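Scrolling down, you'll hit the structures one after another.
Two complexes come next, and they have one chain in common, subunit A, joined by subunit B in the first and subunit C in the second.
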Partner chain A sequence: MREKRGFWSRLEDIPREVLYGLLLIAFIIPMIKPIGFPVPVSPETQKWYDTIDKLPAGSVIMIDFGYSGGGEPELGPMAVAVYHHIFKRGGLKAIAMSTSIEGPLLWDKAMAEVNPSQYGAQYGVDYIHIGYIAGTETAMAAVGKDLRATTSTDYKGNPLDQYPIMEGIKDASSFDLLIVFTTGGDQSEGWVRQWVTPYKTPYLCSVLAMMKPTMLPYQKAGQIIALTSGAQAGEMEYLVKVPARGIKSADVMTLTHLLIVVYVIVGNIAYYGKKYSGG
Partner chain B sequence: MSLLIRRQIPIALVFITALLIMMDYFLKLPPLDARGVSWTSPVVKDLQNWGVILTAFALGFGAVNLFILHSRHISRRTVKQWPFSVWLLLMIILFTVVGVSYGATSPEYSWLYNSSYFALSATVYSSLGFYMTSGIYRALRARNVDAVILLVTGGIALLKNAPAVAVNAPFVVSIDSWLNAIPTTSAMRGIMISAALGAIALGIRTMTGKETGFLGRLTEAEKGG
Partner chain C sequence: MDLGSVIQIWLAALFTVWIYSIAFRDNVFFKFAEHTFVGAAAGHNIVYAVDNIRRYGWTPFTQGATLYLVVFLLGLILYTRYHSKYFWLSRFPLAIMVGIGIGLSMRATVTAEFIAQIISTASLQLVGVDAWTAFSNLIFIIIVVSVVYFFVFTFPGLHGGGRAVIPKIARYGMMAAFGYAFANTVLSRFQMIFGRLDFLMSSWLPLPGAMMVLPIVLILLIYAMIPAEKRPWPKSS
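Right, the complex of A and B next:
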């Protein structure tokens, strides 16, 4: 015969379908009808924005599109917002490479979202992608030492020499800033070892929110100028004044995080209710 | 095969390569050229480019290996495996044919990637949120002091990452910043320094031939005791 369970016991064991269902509702409502919760701009995002904004005209930026498809929903909006900023600011050269094999495809996707032509930016003149370079840290070290010896073509297979943006670009010393979007710890930490330490390249790093604690020691040591997670994309979009996926997800994040806090409280009430009432 | 080929020569190669790369990273050994670049720099540049080429080759080699492994599963009709192996091989063939025919950056290849692999991997990663929610509901209980500390810090991190809460309750941001700056950074530094010391020890053992995993299958005598 089935044992009769008390209220607290049943509350403690709420079926996961109920938990998932409520979470799904908290996801869907703001996606359909944005609530418009305020988006705070953290000092880190502001520092990131200011670093790009204060670059002298003609500065060259190396951008690692090092994230995978799984991380795109988090890091993609941030990368798009940063490219908007670079093009809006003008006078900067953005040279991208990928330490992730999916990088070139995701870069294409991001560029379709940014639409650089709206800022008058041209491929090969203002921005370029030099392709996926295998070997992660070895690739970073090799590109830092001699870019042309590591790859002689862009991601489409066209010779780099035909692009004006590549004029005078030899090694890490040709770059004024390094920006990394990555889902991999090897990449985010590797750039510190292979570029920041030997060449003193200023470094902006954007990782998955769960990776941030790993990168904090580098930031506190001054090796990373600004460290953000993709979840802060809404802040960047607000600063760049190009609202998109990031700001939309800020409402979702507020609702879902609050719901999880409620889950924790209810779970604990159920736990103690069961403990002191005997079921 | 003689011990010289199976053990001594690979260890010597590893020792020399590792030594060159470390010398180039940490020291500026004379003679220097007109630009002040050490003689080790061009040597290490070549070694790094070999590394890039070998890694790219390994990707292709991995695909061939997958093909062989899953072909075996299909020919042996391995229970609960062979239909998935068929699907995997079909996908490898499809992506290879489209990639080779149209180019890996073509709209055709991008469409295939975006509508299959990208959508699936983003979905799988996002679905973790649901599992974590269920886990948090059932596991984050104030059972003892340790659990209370975890619960409170987790709660603060959750609230700080809710943008509207961070705006309306700035004290949550201040507490979260302190947690990140002091306890988290200290703990991560400890972990990183320990891991780095371990990596140095492993590196020295590998260079001196005490670690033989990279040499493949060796007998106890060949491992050197």
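Right, the complex of A and C next:
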């Protein structure tokens, strides 16, 4: 015979189908009818924006497009917003590589969203992708030491020498800024070890929100100029004035997190209710 | 929109719905999507692995960099681990790989992960800054010192008596850090769900027929979630 459970016991054990169902509703409502919660710009996003904005004309940026498909919904909007900024700002050269195997595919997707031609930017002149380079930290060290010895072609397999953007690019010293979008801790920390420490390359890092606590000490120690999570893409879109997926997600994130707070409160009430009422 | 893109969107949408259905209950559509994803990811990795060998090994080798022959040999020797008699040979390339990996990361680890962090903590100011910053820095220093103290296991006496308060402070500090990390993890996961839902709503549902297919997909999913013994057909999942 099934044991009769008390109110607190049932409250503590709400079926996950109900919890996920409510969560799904909390996701969908603001997507259908946006609420318009404000998107305040945090100091680190502002610092990131200012760093790119203040680069002298002709500066060369190394971009590690190192996120995986699973991290695209979070880091994709941030990467797209940053590329918009680089092209809008003008006079900068963006050389991308990938330490993630899916990187080149996702870079293509991001470029389709950015549409560089609207800013007059040309592939091989203003931006390029030199491909996925295997080895993670070994790849970073190799590219930093001698880029041409590591890879002689771009991600399409065309020789690098045919592209004007690659003129004079030899090693880490050829770059004025390092920007990393990654879903891997080995990558975000590896760049500190292989580029920031030996070559003193200024470093902007964007990681998954869950990786941020691990990377914060590097920012505090000055090894990273600005650290953002992909969840801050809305702030970047606001600064760059190109509203897209990031801003759209702000309402959803606020509402769903409020629901999680409610879940935590209900869970605690049920726990203490059960404890003090004897079940 | 070309037919290739339409097919791509339909497949991505169906697999998204099937994969997220596990949040509610296990079902055959989820299993199919999961196995397909694992197979596709393995295939993608193999293609890239072969391309890497071609780009970074074979091409330089055919252009005269004969030293790459050593690298190819080492790579092939790795596979001797599947041989019952010569498996020990695979330890040599493995040792070289581990050695290079450790050597590369160690060259800057001390500076990047110890000295820089210690300097950063030691240079926190308690005077000459505003009250809030001073308070924040003080908390930071107390937590750092107490957490380091927490992990001194050599002398058990350090964790007993009146000194037990220090590991207790460390535990609170670490719990706060774990809480912050967990909250950020929730944020990351929600961003992923948002990304997929946004894709479904912005790219899939506007396609012709999608709005009609969605309820059918959901009904089939719900039916597949019914335990095999309770549904009329099929009796096994």
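Assume the second predicted complex is superposed on the first by the 279 of 279 C-alpha atoms of A that agree within 3 Å, B and C clash if a C-alpha of one lies under 4 Å from a C-alpha of the other, contacts with A are read in each partner's own complex, and residues count from 1 in each chain.
Basically, a contact is a pair of C-beta atoms (placed from the backbone, for glycine too) under 8 Å apart; a residue touches a chain by one contact, two chains touch by 3 or more.
None of these values were measured; they are calculated from a predicted model.
In the superposed model, A:16 lies in contact with both subunit B and subunit C. In the overlay built on the shared chain, the residue A:230 is in contact with subunit C alone; subunit B does not reach it. Of the two partner chains placed by superposition, subunit B and subunit C are both touched by A:138. Residue contacts after overlaying the shared chain place A:37 against subunit B, while subunit C stays out of touching range. By the document's definition of touching, neither partner reaches A:120: not subunit B, not subunit C. In the superposition on chain A, A:72 makes contact with both subunit B and subunit C. Once the two complexes are overlaid on the shared chain, A:245 sits against subunit C while remaining clear of subunit B.
Judged by the touch definition given at the top, the superposed model places A:220 against both subunit B and subunit C.
In the overlay built on the shared chain, the residue A:192 is in contact with subunit C alone; subunit B does not reach it.
Residues 16, 20, 70-73, 101-102, 133-134, 138, 141, 150, 157, 198, 209, 212-214, 217, 220, 231, 253, 256-257, 260 of subunit A are contacted both by subunit B in one complex and by subunit C in the other. The part of subunit A that touches subunit B in the complex is made up of residues 12, 14, 16, 19-20, 23, 37-40, 42, 68-73, 101-102, 104-106, 108-109, 133-136, 138-139, 141-142, 145-146, 149-150, 155-157, 198, 209, 212-214, 216-217, 220, 231, 234, 250, 253-254, 256-258, 260-261, 263-264, 266-268, 271-272. Listed in rising order, the residues of subunit C touching subunit A in the complex are 23-25, 44-45, 48, 52, 55-56, 59, 100-101, 104-105, 107-109, 111-113, 116-117, 119-120, 177, 180-181, 184-188, 190-198, 201. Subunit B meets subunit A in the complex at residues 25, 41, 44-45, 48-49, 51-52, 54-56, 58-59, 103-105, 109-110, 113-114, 117-118, 121-122, 124-126, 129-130, 133-134, 136-138, 140-143, 151, 154-155, 158-159, 161-168, 173, 180-181, 184-185, 188-189, 192. Subunit A contributes residues 16-17, 20-21, 27-28, 31-32, 70-74, 76, 101-102, 131-134, 137-138, 141, 150-153, 157, 189-190, 192-194, 196-198, 208-214, 217-218, 220-223, 229-231, 245, 248-249, 252-253, 256-257, 260 to its touches with subunit C in the complex.
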